[in-house]
Amino acid sequence: MGKFHGHAYPGLFLFCNGLYQAIVIFSDSLQSLCPPKKKGRWARLWKISYEGLLKIVAGSLLVVYVNNCIEGGLILMDRELPPRFLYSKEWQHLTMFTLLILNGCVDVMSKNLLPQRCVVLEKGALALSFYELLLLMVSHAKGSSGIELQVHSLLILVVFLLLLVLTVELWAPEMFQLWMMETLLILVLGSWLIQAGFILYRPVSGYPWDDDDMNDLMFVTTFFCWHVMCDALCLFAIYGFSYFWHRCCYPSLKMMGSKEAPYHKSIPEPLCRLLQEIEQPEKEDQAPLLAKSSPRDTA
Amino acid sequence: MGKFHGHAYPGLFLFCNGLYQAIVIFSDSLQSLCPPKKKGRWARLWKISYEGLLKIVAGSLLVVYVNNCIEGGLILMDRELPPRFLYSKEWQHLTMFTLLILNGCVDVMSKNLLPQRCVVLEKGALALSFYELLLLMVSHAKGSSGIELQVHSLLILVVFLLLLVLTVELWAPEMFQLWMMETLLILVLGSWLIQAGFILYRPVSGYPWDDDDMNDLMFVTTFFCWHVMCDALCLFAIYGFSYFWHRCCYPSLKMMGSKEAPYHKSIPEPLCRLLQEIEQPEKEDQAPLLAKSSPRDTA
Amino acid sequence: MGKFHGHAYPGLFLFCNGLYQAIVIFSDSLQSLCPPKKKGRWARLWKISYEGLLKIVAGSLLVVYVNNCIEGGLILMDRELPPRFLYSKEWQHLTMFTLLILNGCVDVMSKNLLPQRCVVLEKGALALSFYELLLLMVSHAKGSSGIELQVHSLLILVVFLLLLVLTVELWAPEMFQLWMMETLLILVLGSWLIQAGFILYRPVSGYPWDDDDMNDLMFVTTFFCWHVMCDALCLFAIYGFSYFWHRCCYPSLKMMGSKEAPYHKSIPEPLCRLLQEIEQPEKEDQAPLLAKSSPRDTA
Amino acid sequence: MGKFHGHAYPGLFLFCNGLYQAIVIFSDSLQSLCPPKKKGRWARLWKISYEGLLKIVAGSLLVVYVNNCIEGGLILMDRELPPRFLYSKEWQHLTMFTLLILNGCVDVMSKNLLPQRCVVLEKGALALSFYELLLLMVSHAKGSSGIELQVHSLLILVVFLLLLVLTVELWAPEMFQLWMMETLLILVLGSWLIQAGFILYRPVSGYPWDDDDMNDLMFVTTFFCWHVMCDALCLFAIYGFSYFWHRCCYPSLKMMGSKEAPYHKSIPEPLCRLLQEIEQPEKEDQAPLLAKSSPRDTA
């Protein structure tokens, strides 16, 4: 697997994934205000977990690709005496892609095959995958030094934080702050993977970075901070755009919301609605008798 | 104590323990739906903590075995000048087995001798044992390097995570996510201990692993990831089997549960029931007046 | 940027910031007892986020200053072959100041531009800034050793703890214990930065500290502990002063509060009131029908 | 300060403190069942914080002792050129004792001078002291190696865990599990300090331990595990004794409590009562009107 492509393409995939997730979160807050439409014959199709299918297809293609890259096939040991292990990096990549496929399978199963969606199962599978990813990356980075070590340490740091967030999400799968953290970390992971490809294998200046130069080492961290900043601004811009789009499309809702609003309410309008939407089903469970007379059903 | 047996047998014990625990958790969710049967003359026998007794017996046998392995008995210091400590590894093993016996005693005491079961005491004793186990393993692994260090580091990581889970369980002893984590970690600990025995003392190829070969070091982590994956799939299979078995045996309950189910409910049927069962006694405490008319007392 | 000034001035800024924050927290508890006055024509002006504006102005001035310090401007790479990165430390400082400006922008936006204040956004931006600050400081301290390393390690420790506190504040933005921790850590960070400037660049004795002297290394930690102690006493003194000032000004409230007070109440009067004030708006949200008859509206 | 006494006496103080704390916790659960007696003229004397006074007296004596140990007084720097710092270890001890005095002052102030006891303040001061103690101990242990390093690492580990527990107690100052952890850690800290004095300065065999002997290093950890085990058994014995003493003295209460007890109740009788007692004042605050008609007052 090409060294540059091996970093840049997964990075691009993760970055797009993060952008998509950010858009979904914010647009969910808008859709929750419109009357639900998709109850027709295509409703069932809409519910299919495209993300899960995409993971399965992408993972399978990558497994085939890794297998084809090596002439003679991906064997575990050679036939000499004493037998030696072969292709350790390729086997680690294969493990990562297998994890991706398994994750996709769990997503599809939870969303389409089980009678009810099991969010804990999805989150648990995802957290477990990142846990193994962390181990593989630590083992990956062990032999490296200088610039390569620095670049990979920052990657490992992001994966570790993502792992913590995903673990906490097992208990609070729909908390807004955790979603934001997860999305931001995925964006940073993606954009930094792309940058890592450029730093390590295609430096923009055309000359490789110098492992022994303290200046270069410090700039790796500086660039990483710029990535975090840009990704956070990117997330903020998506939110701001969806907020203003919402105010333009539904001006009637504006007055209702901002009138006599309490000072300490810490979350602006669309997110509040989003959170209300999330918490409502639980309340409806607890008071099924009152559900019929609620204004939502009469509307 | 034989080096291979010293790793493989405890590993097998832990793995079977994990499997047993997984089956108990899932079958509990099924039993909670049937009317309780065991109220006859054998009911009291059923409540005896077999797990605690097993721990006491196994620990005692191992203590006797370690004592017998060394000719002249397990003495602490020799009689030369200056006196030196002897058998440091054996004393550490003895400490571990003593912890196992004490744990069993606490289990038996809590479940059979105390007027009421004291879950916090059991969990506390278990967490304390793992805490000491972690210290002993870190001390154990200090002198090692290369493959041995890598294998033991992964073991220590699992014990550390298990320690964290057990500590949190002191506050939430019956939370489903923590149970799953604990069971998975015990399975991984068991299967990896077995693998450790093979890697370090009986390599399958017949040739020892090479400490200086980066390939070999990386494959240790890769194999560990495969273990985690397989153990998670194993857990998943046990759950799936118990789920389908439940659907076959009690088809009437299926309709009741899946009708008009809220979308955001994150846990599928049997686990929901399991969790409901767990949370009920607390509610009954808070509403003692209503307890008489509940279907449980009339049954 | 002068080495001594580069440590002492940011330290002074942070220390004053911490003192200001401590005074605001305690005086808030007093103001909550007086009838609200500032409802006149200057009320809107009062609500402008001076802190945010100060951050923007200070950050901008520092960016201009860093740019002017270097003759030929702050360029990223020289034009030689192979091109080398230049001014790594200055670029890191620039990144820190940009973070300060962005933070100020977020503060102003949340408090003045958005229809409702968004505390989560402010706290998130602050936490993210400290996260990047930690990375930059670790990278900063990498090349150092001896006294310099010890001084910077303690700084990094404080920033790390502050980061943890700010992260937890995302979920509990108005919890008293977290506020106290945050204020104390900011005070320690500020006073230790000033001390760091003196230790590293202007030792009081006139002779530089000795990197190889164990005594000197130990005294760095001792001095840090004295700083923590003094800052804690300082915080305690501010609280005590505001408490006694409160008792002198509002003696009538004293009787009301201390009569038949429950023994286990763990927070003395003004803080209790402060916390009550904070928690009230939430209750008012939940019971909008009762809000009209509350004493607050009739006053 | 003598090296052996410097470890053994603080250890003895901490161990006795831990024992006293354990006895207080358990006897509190018994006293809560008797009618309150101490409402006479000595009631006010009873409420004086003897623990706080003891801390002040002990700390002051130790400060005087350290000052007297050094001829010429405890000066910070000598008068040579370049001036050097002197007595770094003694200054660190002095800092620790000052922390002890301050802690005692805060205890006395909170319990006797403030109109209401402020548990958060006490716990915060204690946590802060342990935080600084940790820093001083890390700095203390930096120059050591071999056996000394191993002994001190285990001490630092205990202090770190104690710090975590005390930090969490800021939010839950009266949770039973945290109290048990705190008491156990104080017992371990005390008994291990005594042992450390013997290992490092008065080995029982009469010959010093060998830094280069792997056996000796491993036995340090083994002995530490035995300490943890013994201290946990000691705590358990205190609890068991107070439990049986309670059953003998108040047999009438036994029947009331064990009748129809729910299966999942995880805490045995006296502790349950203890916890009920702790949680009651809060409930009484919330429903003062109902308090008069409760069965407790009529009894």
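Letters are used for the chains, namely A, B, C and D, taken in the order the chains are written, and counting of residues starts over at 1 for each.
Basically, a contact is a pair of C-beta atoms (placed from the backbone, for glycine too) under 8 Å apart; a residue touches a chain by one contact, two chains touch by 3 or more.
Note that the structure is a prediction, hence the values are computed from the model and not measured.
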item	value
Length of the shortest touching-chain route, chain B through to chain C	2
Angle (degrees, nearest 5) of the CA superposition of chain B onto chain D	90
Most distant chain from chain B by Cα centroid	C
Chain copies touching (chain A, chain B) - same or different residues, decided at half shared	different
Rounded Å distance, chain A centre to chain C centre (Cα mean)	32
Chain A and chain D, separation of their C-alpha mean positions in angstrom	45
Per-residue multi-chain contacts in chain B, two or more chains	none
Chain-level touch network, classified as line, ring, star, complete or other	ring
Touching pairs - complete list by chain label	A-B, A-C, B-D, C-D
Residue numbers on chain C that touch chain D, as the complex places them	154, 176-177, 180, 205, 207, 210, 213-222, 224-226, 228-229, 232, 257-258, 261-269
Complex contacts: residues of chain C adjacent to chain A	77, 81-86, 88-89, 91-92, 95, 98-99, 102, 114-120, 124-125, 128, 131-132, 135-136, 138-140, 142-143, 170-171, 173-174, 278, 281-282, 284-285
